[in-house]
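Okay, got some structures for you below.
One chain, chain A, appears in both complexes that follow, with chain B as partner in the first and chain C in the second.
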Partner chain A sequence: MRPLQILIDGFAISSLYALGATGFTLMFGVSGVLNLSHGAIMVVAAVIAWYVAGDLAAGPYWGALAGVATALAFAFITYRVIVRPIQNSPSIPREEKEIFVLTGTLLWGIMLQEAIAYLFTNNPKTVRPLITGVVEILGVRTPINEILTAALSWIAIGLLWLLVNRTRAGKALLAASINPRGLTLLGFELSRIYWLVWAIYGVLAGIAGVLLGAFLGVSSDNAGTLTASAFSIVVLGGLGSVSGSLIAAYVVGYLETLTAYTVAPSIRTLPVLLLLVAVVYVRPQGLLGRR
Partner chain B sequence: MRLMRTSALTGAAFGLALAIPGLALAADPIKIGVIAETSAISGVAIPNGAKLAAEEINAAGGVNGRMIEIVEYDDHNSAADGVRAFQRAAQQDKVVAVIASYVSEVVLALEPWAGRLKMPMITPGAASNDITKRVHDDYDHMKYVFHGYLASTQIADAVCEGGKELLIKQLKMKTAVVMSEDAAWTIPLDEEYLKCLPAIGLKVLDHIRLSPDTTDFTPIFNKIEGLKPDVIITGISHVGVQPTVQWQQQQVPIPMYGVSSQATSSTFWKDTNGAAEGVIYNMVSAADVAVTPKTIPFAAAFQKKFGNVPGYAAYTSYDDVYMWANAIKAAGSTDPDKIVEAMEKTDYVGTIGRIQFLPKTDTFAHGMKIGPGYIAGLMVQWQKGNPITIWPTEAATGKATFPAFIKLPN
Partner chain C sequence: MLQSRSLRFALPVLLAMALLPLGVGGYILGLLTIGCYYAVFAMSWDLLFGFAGEVNFGPTFLIGVGAYTAALLNHYWLWPIPACLAVGSLAAVIGGLVLAVPALRLTGPYFGLVTLVAVLMLQNLLVLFAGITGGEIGLDLPDVLSIDETTNYYYAFGFMTVTGAILFGLSRSPVGLILQASGQDAVEAAALGFNVTKHKIAAFCISAFFSGLAGGMLVFYFSTASVGTVVDIAVGVNVIIAAVLGGRRTIIGAAVGAIFLVAAGELLRPIGQLATFVVSAFALVVILFFPGGFLGRLLQDGGRE
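Presenting the complex of A and B:
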């Protein structure tokens, strides 16, 4: 029963990690941006969903929608106000731009985190789940919300796959990650592709934030940890590789769950960090990294 | 030219102030510093409770004709920020007394500074036994510190006392698992739990200390459920919302009973989307029980002003402002030693009961006198969005009920 419990719990959390990391890695692959305000944007989505569903009494569906919409808005704001000015600035040398983007998004994330703590307190919020109740899976009592979390994560990832592989805009996105220069020569406007990738990112981070808020609950204090976990997954999977991130999300999710169940919940993230150090030593390009 | 005029003006003002010092002094407010983590539920209750008390005192004419002014500081739940705030309060803002924090780690860091800067200080919410132990061990230096809340050991005793009636007599429970967060205040709490629970007839099957950073409590509940205890005895303050919500979502069939500080505020019901239903927690006062004639009017005034039921540290910090004001009045001065002397003679009926401080010879020196007629514990349960007092029987406004997923013995 316990192995099955680990299997089920690990699957749910891993799926959520996968969803959270997908947008993060896609953005790096396409535009070379590592957005360190990632966790804060997820938290914003969850807190707004909680606020709209509860305080404004709009119900869980409108709450979830508002959360995702807010994440999308904040993704655009992050790009327009923080990232793009740095990328376009003539006074920052080209080779230092990545560092400036990292620092800029990191500080922006801290600002968002503090703003949430100020407006809504740093107490964890839990988004009302879309479906409540539990089902027995071979003797393991599983909240329906947990199954829903995994299912919705995979639906979102599936839709992303369709978008990237089956639409013209998606193909352009993929091309931009491989050869941005070639794409501009073909007459595509890179800036539009960047807007698209930020839009996709915002929606994915929003869904991940709302689901996390409904599954485990989210506090503004979690913003840093959420960024760190997305970052670890992406480094482990190979920077910019979406399929690498998906695999890495499951490695991280299961390793954490296994540790929490069999060793101690308090050192849950430790083995992942050790693994990360080992990966950096042995295979710095990550599981499926292109380098 | 402009600068010269300003300084001339300042000089004139100074001269005037020097000429009639009594007048200037009378107009000066008495400043009380309030240090707390204002982004936390339990933390923000502290300045809010204090401000309400100050408003009332000022409306009634103040202290010796002087108004009370609350100066707020945010310690961000950090001992370093707390100490900085304390130093600033004492040296720059010239407060005459401080009300500080619900976090034991912060209070323990401030305590030596209270001694060094001779700054009277009281904590409305921290619980570590060490707070009063230090006063007892080094009275001459630490006498400026008062403990305005129960010490962890006393809290554990109150929880056990309530358990005798609720868990053993009413619910026929036999076994328990202790689940506490890893923090300074829970060390003496757990120590006492492990002594007093078997004493009332509850066998402790396991003792789990969880990291305050935990976000996924599934493995913990899973482990506890595997041990099949009748009840989970909690000792949580930094965590609260997440374990409660996950407990409800996963339908863990075991009731939670004990200390859950976040549960003492009405925003807890909202933050957990009602998952708090059935959770039983300890308090010294509740909004629905007239612990003293002051309790319910205070809770009503607080709710009117701030829009939520006061958390546990709101009651105490409200009382603390009154006690400082009374001590300053009795001392007839803001000299710290005189304030401390007057504070030691406190016999004040506040919102949480009749408050007297224990003498320097007691192990809980400058802690509050506990027992019938003084400060006693209540056990309160969340029922349909309302905190309902279920123990002691004579104060109870309802009986314990549990959500359908809870399985009770027999």
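Presenting the complex of A and C:
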């Protein structure tokens, strides 16, 4: 039953990776920002969900909602307090904005991580899942939560697809990622689109964080690793290409699960890193990147 | 103009640091010893970022390769310290060349990612071959640089001063100017007839050499090599913060930032867990409001000819 087990576990973890990376890549595609506090925001969402659901005894649904709302709030704070001031600063030369945004969000991520460790300790926390119980799929005992994680991830990604392709605001978003100047010429306010993309980003990161907390559990120490894996997935798929990162998420998810089951869990990430280096050397724009 | 300003700032500080062992105890000297090695890390990083324009997210790849090569040679073959350091820095230079190849082909975030991945791979390999490398626990070394705090301090201080002088001189030389030009606009620099590739590779080799040497000396100072002190991403993040905090593209600023970071980390020790939070918040404020860093303002008035 092992191959099936790998298939099921790999699918759940890959779906979660896909969700986590989608917001990250959307943000880069639309506004050119790589947010290195990504992992920390996911951890904040998970820990708040854990706290509200458990310590405040509000139940898993309110917990999840509080987690997502907190992630949204922190996404706005990240944009308003760190990213926008750097982008608008007259004393930072244009070619160095990127490194300043990277360093700024990195420091912000470290601050969030330390604050969480201070307030809630860095012990791993498992968010109470929305639905408990176990089902058998062809002889493999699978927690319902695992199926729910995959399903919710795909529902969120599906809604994002509808938003981007079927609504006016979404189409403006898409246009901004292709040609921001053209969009301003058509009378759209770019800053409003940036707020929109940070809002979408916050919700996606929040959902991903809460699901991760319920599925695998999180600790504040995971923030860096989470950012790194989102970054790897996004580069593998092509920076700014959402469909590319979805494929890459599955490649990474299955490669890690396969290594963990067949070789050893401790070197889970090594094959992914090797693949990443190979892709970056041979095809720097990633699997589906456009450049 | 720029040169005299920086020197007028640097000389009194260096003089004061040289006389320091007369006045302070071993504890502060030990702290400053680590600060000096971090200063070399940060200055080497600044040469790559500030001048060659290459965003290296993995300074600890170069540091770690140098440090672990030196440590392994000493642990298993009992080579004398100078030989270990020489081979260690040579290994780091080779590591620098390995990074230089993608750097010449990739730009921006892509190169940044490669350097990040390089560190993660090094860390994974060290843990994977824990039987040889000591893994997370670390590798004990039979030799130590010196057991006397003052001697150790002078080794580190002298090393930092010499490295600083070389890197600063290089950054103010025609070579530094060409590097700066190729970092800011590689196409135009090449069009003016400068060999961008050659200069960038040279920058990588020099940066790697000093990073590796400093890494090697640091493990011989501790007499133990561990992932947490020379390879971990957190160490690399500190190096980057130090350089940006002190003022990028100044070399000397990087050293100031590094010593400041080590000192601040120690001063804030009483508040325990929150120390990292406060240091990060402070660095963030500096980046947001004074993007030039500590030295940026000092050098800017009248600094631009």
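FYI, the second predicted complex is superposed on the first by the 291 of 291 C-alpha atoms of A that agree within 3 Å, B and C clash if a C-alpha of one lies under 4 Å from a C-alpha of the other, contacts with A are read in each partner's own complex, and residues count from 1 in each chain.
Assume a residue touches a chain if its C-beta (ideal position, glycine included) is under 8 Å from a C-beta of that chain, and two chains touch if they have at least 3 such contacts.
As the structure is a prediction and not an experimental result, all values here were calculated from the model.
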Fit or clash between chain C and chain B when superposed on chain A: fit
Contacts of A:Ser266 with chain B and chain C, given as first, second, both or neither: both
Chain B versus chain C as contact partner of A:Tyr118, first or second or both or neither: both
Which superposed partner A:Leu204 touches (first chain B, second chain C, both, neither): neither
Chain B versus chain C as contact partner of A:Asp55, first or second or both or neither: first
Contacts of A:Leu106 with chain B and chain C, given as first, second, both or neither: second
Partner chain(s) touched by A:Thr126 [first = chain B, second = chain C, both, neither]: first
Which superposed partner A:Gly224 touches (first chain B, second chain C, both, neither): second
Which superposed partner A:Ile13 touches (first chain B, second chain C, both, neither): first
Contacts of A:Leu173 with chain B and chain C, given as first, second, both or neither: neither
Superposed arrangement (fit on chain A Cα atoms) - minimum chain B/chain C Cα distance in Å: 5
Contacts on chain A seen with chain B and repeated with chain C across the two complexes: 117-118, 266
Contact set on chain A toward chain C in their complex: 34, 82, 85-86, 89, 91-92, 95-96, 98-100, 102-104, 106-108, 110-111, 114-115, 117-118, 224, 228, 231-232, 235, 239, 266-267, 269-270, 273-274, 276-277, 280-281, 284
Touching residues (chain side chain B, partner chain A) in the complex: 39-41, 44, 182, 210-211, 213-220, 222, 240-242, 245-246, 249-251, 262, 267, 270-273, 275
Residue ranges of chain A in contact with chain B within the complex: 2, 5, 9, 13, 54-55, 117-118, 121-129, 132, 134, 141, 143, 145-146, 216-217, 219-220, 222, 225, 257, 260-261, 265-266, 268
Residues on chain C engaged by chain A in the complex (per definition of touch): 49, 53, 55, 102, 105-106, 108-110, 112-114, 116-117, 120-121, 124, 127-128, 184, 233, 237, 240-241, 244, 248, 273-274, 276-277, 280-281, 283-284, 287-288, 291-292
